[in-house]
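The following pair of complexes shares a single chain, chain A, combined with chain B in the former and chain C in the latter.
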Partner chain A sequence: MSFINYSSREINCKIVFYGPGLCGKTTNLQWIYKKTNPDSKGKMISLATETERTLFFDFLPLALGEIRGFKTRFHLYTVPGQVFYDASRKLILKGVDGVVFVADSQIERMEANIESVENLRINLAEQGYDLDKVPYVIQYNKRDLPNVVPLEEMRRALNPRGVPDYEACATDGTGVFDTLKAIAKLVIMELKKGQEGG
Partner chain B sequence: MIVPCECGAKLKINEAKLGGAGVKVRCPRCGNVVPVQRPSAETGKRAEQHRAVSTVPSGPVVLVAHDSEMVRDTITSVLQDAGFRVDTAADGVEALQKATENKPGALVLDVGLPGIYGFELCERLKGNQETGHIKIILLSSVYDMRRYKRTPVNLYGADDYIEKHHIPDFLPSKLKKLLFPDQFSSSAETKASDAGKSELPEMARPPAREFQPSLLSERSIQDDTAAFQAMAAKMPGGHTSGNPSVHESPAVLPESFSLEASIFQKEECDIPKVEAADPAAVEKARRFARIIVSDIALYNQEAVVEGLRKGTLYELLKADIQEGRDIYDKRVPEVIRGQKDYYQEAFDNFVHAAEKKIVR
Partner chain C sequence: MLGSDLVMYDEEFKQIDAELQRLLAQANAKVVFLVDKNGQLIAATGETENLDTTSLASLTAGNIAATGGMAKLLGEKEFSILFHEGQRDNIHISIIGQRVILVVIFDQRSSLGLVRLRVKKSAELLGNIFNQLLEKVEAEKGSGKGGDSPFAEITDEDIDKLFG
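What follows is the complex of A and B.
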């Protein structure tokens, strides 16, 4: 749920990058961090192991325009992807406003993608969210690799509802900002809907 | 007695079944291991003394910032017993305000704080001349110490880091070391011990064994498990065989399992009921086993190559393989596990395929 700070006139939204281990969630955030105007971003925080794998989460505050005089500040998080880290994933999903599912396009990780989407749905549901109602986009990452699953097959397996989806190669930035813009747009639309309703 | 777990569960412990050295119980909700010790008369007396000290106006104030009231209360109690005065904040905004206005000696800061995130707040305070001196210990919400035995490489300005399940044992000593570094040099310790004066660091419990990442090594877990098993064996109705699941400690009263609603209530140990012949359930178990193996291999690529070349794969990845086994057992219904060991099958298939790729 977005956090509104009336004194500083800021709306803070939380976007979580979800996906199986080593699918490129941190790489997405690193690219966004690298390519964002220094005035618009906070420092990227990454709690990683000595082998550079995300231990707890990555965190990146990002300013993206205004809504009715309130600055919107997006807090981007990643989750640890390995199956072992479920408790941390649940914790990081607390208060989420939008989710980006980063899928690993490699054939050998398709099962991990499917498991991860199912895990996302379950973990959201435990907190009263419905994946079909939360702002949600999908990114098919690592499209530059030779052993990738065809796009249509990935869509069938991971995106039956037809949410916005993007092909990406996070290491060179392809598709990274398209994905971010899409989720930011959905979150802002949801915020505006909330304002109009209330 | 009631022992709170960091996840909010209240564990009812049967004191009559506590040994002298205490016992470790696993929280049935979050899986954390919670050390439990019998409150002795001496401990009670000491706690009284410490509470008295906590009202001394000159004692250092520790600001505890956490969104869970239960966790705040637990930490407050631990710190007051150790002689600290404690103030609390429920979110990042309140923590920032109190830290800026009151300038506490130290701040115990949860990384997952709502409002302003812990890391961000830490950087703001450390970057501000007026608050930069406040000692900050980051609190991590960690649930499985074996997975988190690695220490973070960067604390983002914080002075120290602690995992929640280590709070009772290590937080007071960590704070004392930060707030009274002089008292903790070896000569100072000797001097303080000789003098027996009642300054804060000496008033508190003897410094607990300092937390080091190595304390969470596989060896220490095995030692803890062995100690627990030895303890459990001496207790009436205690059992020591099989998986070292500490929550089976006879000291945990059955009421502990009736927990209040929380996001952690449906932990991964919440196994769905399935029919043995359900082919979908079997396939799901097999898939889950393959994913565990795939994750282990992906995160240990060098060890896999070395292990396959030297025939030491199972030895090199012993801890990860056991963890994989634990999570498989937690998530896959017994009726499916009983049919065939799909986890082992997944490993065998992986090794067979990987040997072809790697060894040749």
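What follows is the complex of A and C.
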């Protein structure tokens, strides 16, 4: 649910990073924060436990520049990945314009990935969204680790719809901006569609 | 398309801004702002220079969302007013017309009683403005008017440029 302000000429969109616990959602936002120049980002807010697990959400506002004279802002959120925080995840999905699914490429996390996609589908449906219709991209994170599932296998398991997907290593930034760019593009294209539809 | 987008026009924006300014003065408040339930800041007035209103907006929405979740578990529809008391500043948060959140920050120059009273009055007025806005948005949609939309003409190039 974007916010289009004709008075201040601004467009705000909400993007949510979803995925199982410890897959690297917060790390994605931290990288984006680190690499964006100071005047185009706001403060990053992390509501986390003492052990740095996300408790409620991370929030990073990004001003990307102008499209046709409108300032374009993206509000990036992460959900808490741990299974028992499901109530919080639902709240954060409210009003979402685009979803990034961050998968943990390690063999032992494959089941957690699949469960998390299922959980995403259910929670979106509760808000009246269909995972097969929302702007959606997938990131296969932690490709730097030795025990990863082959790319093709991950694709088969997590990306049957064939949405844009990227290999990443969020700790050194590989693939992070590719992922962000892809979801931003899909979200803006969706806005365009919405307007044309009338 | 996902839900209905929030759209703001110049006319309503000015009305909202004027009402927030009046509330600010009448409630003797430091800051007054309006947030969409999804965390987007709609308008702010008062001593906002040293205030991170974007972050405040997001956290306010998170706060309301969390209390809304608690309300549901208790079988309440929602808790429509929240109040946080600090050493110096206090925050009064209320939901207007189920969709927007009105936040008033005040210190010892005002009081909870006064803020409550003034908020109640403004809430009605603001509610009306938002209803008017929604009707307008619906009407524009109905007329199939997308002509002056900034998006209709967007190209891949425009989007690539965003990332420099």
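One rule holds in what follows: the second predicted complex is superposed on the first by the 198 of 198 C-alpha atoms of A that agree within 3 Å, B and C clash if a C-alpha of one lies under 4 Å from a C-alpha of the other, contacts with A are read in each partner's own complex, and residues count from 1 in each chain.
Basically, contacts are C-beta pairs under 8 Å (C-beta built on N, C-alpha and C of every residue); 3 or more make two chains touch, one makes a residue touch a chain.
Everything numeric here is computed off the predicted structure, so don't read it as measured data.
In this superposed model built on chain A, chain B and chain C take up the same space, so to speak, and clash.
Within the superposed three-chain model, A:Tyr129 lies in touch with chain C and out of touch with chain B [touch as defined at top]. With both structures placed on the common chain, the touch criterion links A:Leu29 to neither chain B nor chain C. In the superposition on chain A, A:Ala87 contacts both chain B and chain C. Within the superposed three-chain model, A:Phe177 lies in touch with chain C and out of touch with chain B [touch as defined at top]. Once the two complexes are laid over each other on the shared chain, residue contacts for A:Gly21 go to chain B alone; chain C is not touched. Contact with chain B, but none with chain C, is seen for A:Glu115 once the two complexes are overlaid on the shared chain. Of the two partner chains placed around the shared chain by superposition, chain C is the only one that A:Lys185 touches, whereas chain B remains out of contact. When chain A is checked against chain B and against chain C, the one touching more of its residues turns out to be C.
In the superposed model, A:Asp97 makes contact with chain C only, not with chain B. In the overlay built on the shared chain, the residue A:Thr72 is in contact with chain C alone; chain B does not reach it. Only one of the chain C stretches 6-14, 42-50 or 132-140 carries C-alpha atoms that clash with chain B in the superposed arrangement, namely 42-50. Of the residues of chain A, those at positions 3, 5, 42-43, 45, 47, 56, 59, 61, 75, 87-88, 90-92, 94-95 touch chain B in one of the two structures and chain C in the other. Within the complex formed with chain A, the chain B residues making contact are 30-31, 93, 111-112, 114-115, 117, 119-120, 123, 140-144, 147-148, 150, 152-154, 156, 263-264, 266-268, 287-288, 290-292, 294-295, 298-299, 323-324, 327. The touching residues of chain A, counted against chain B in their complex, run 3, 5, 20-22, 42-43, 45-51, 53, 55-56, 59, 61, 75, 82-88, 90-92, 94-95, 108-109, 111-112, 114-115, 126-127. Residues 1-10, 12-14, 36-40, 42, 52, 54-55, 58-59, 62, 65-66, 68-69, 141, 143-146, 149-154, 156, 158-159, 161-164 of chain C touch chain A in their complex. Within the complex formed with chain C, the residues of chain A that make contact are 1-8, 11-12, 14, 42-43, 45, 47, 56-57, 59, 61, 64-65, 67-70, 72, 75, 87-88, 90-92, 94-97, 128-129, 134, 177, 181, 184-185, 188-198.
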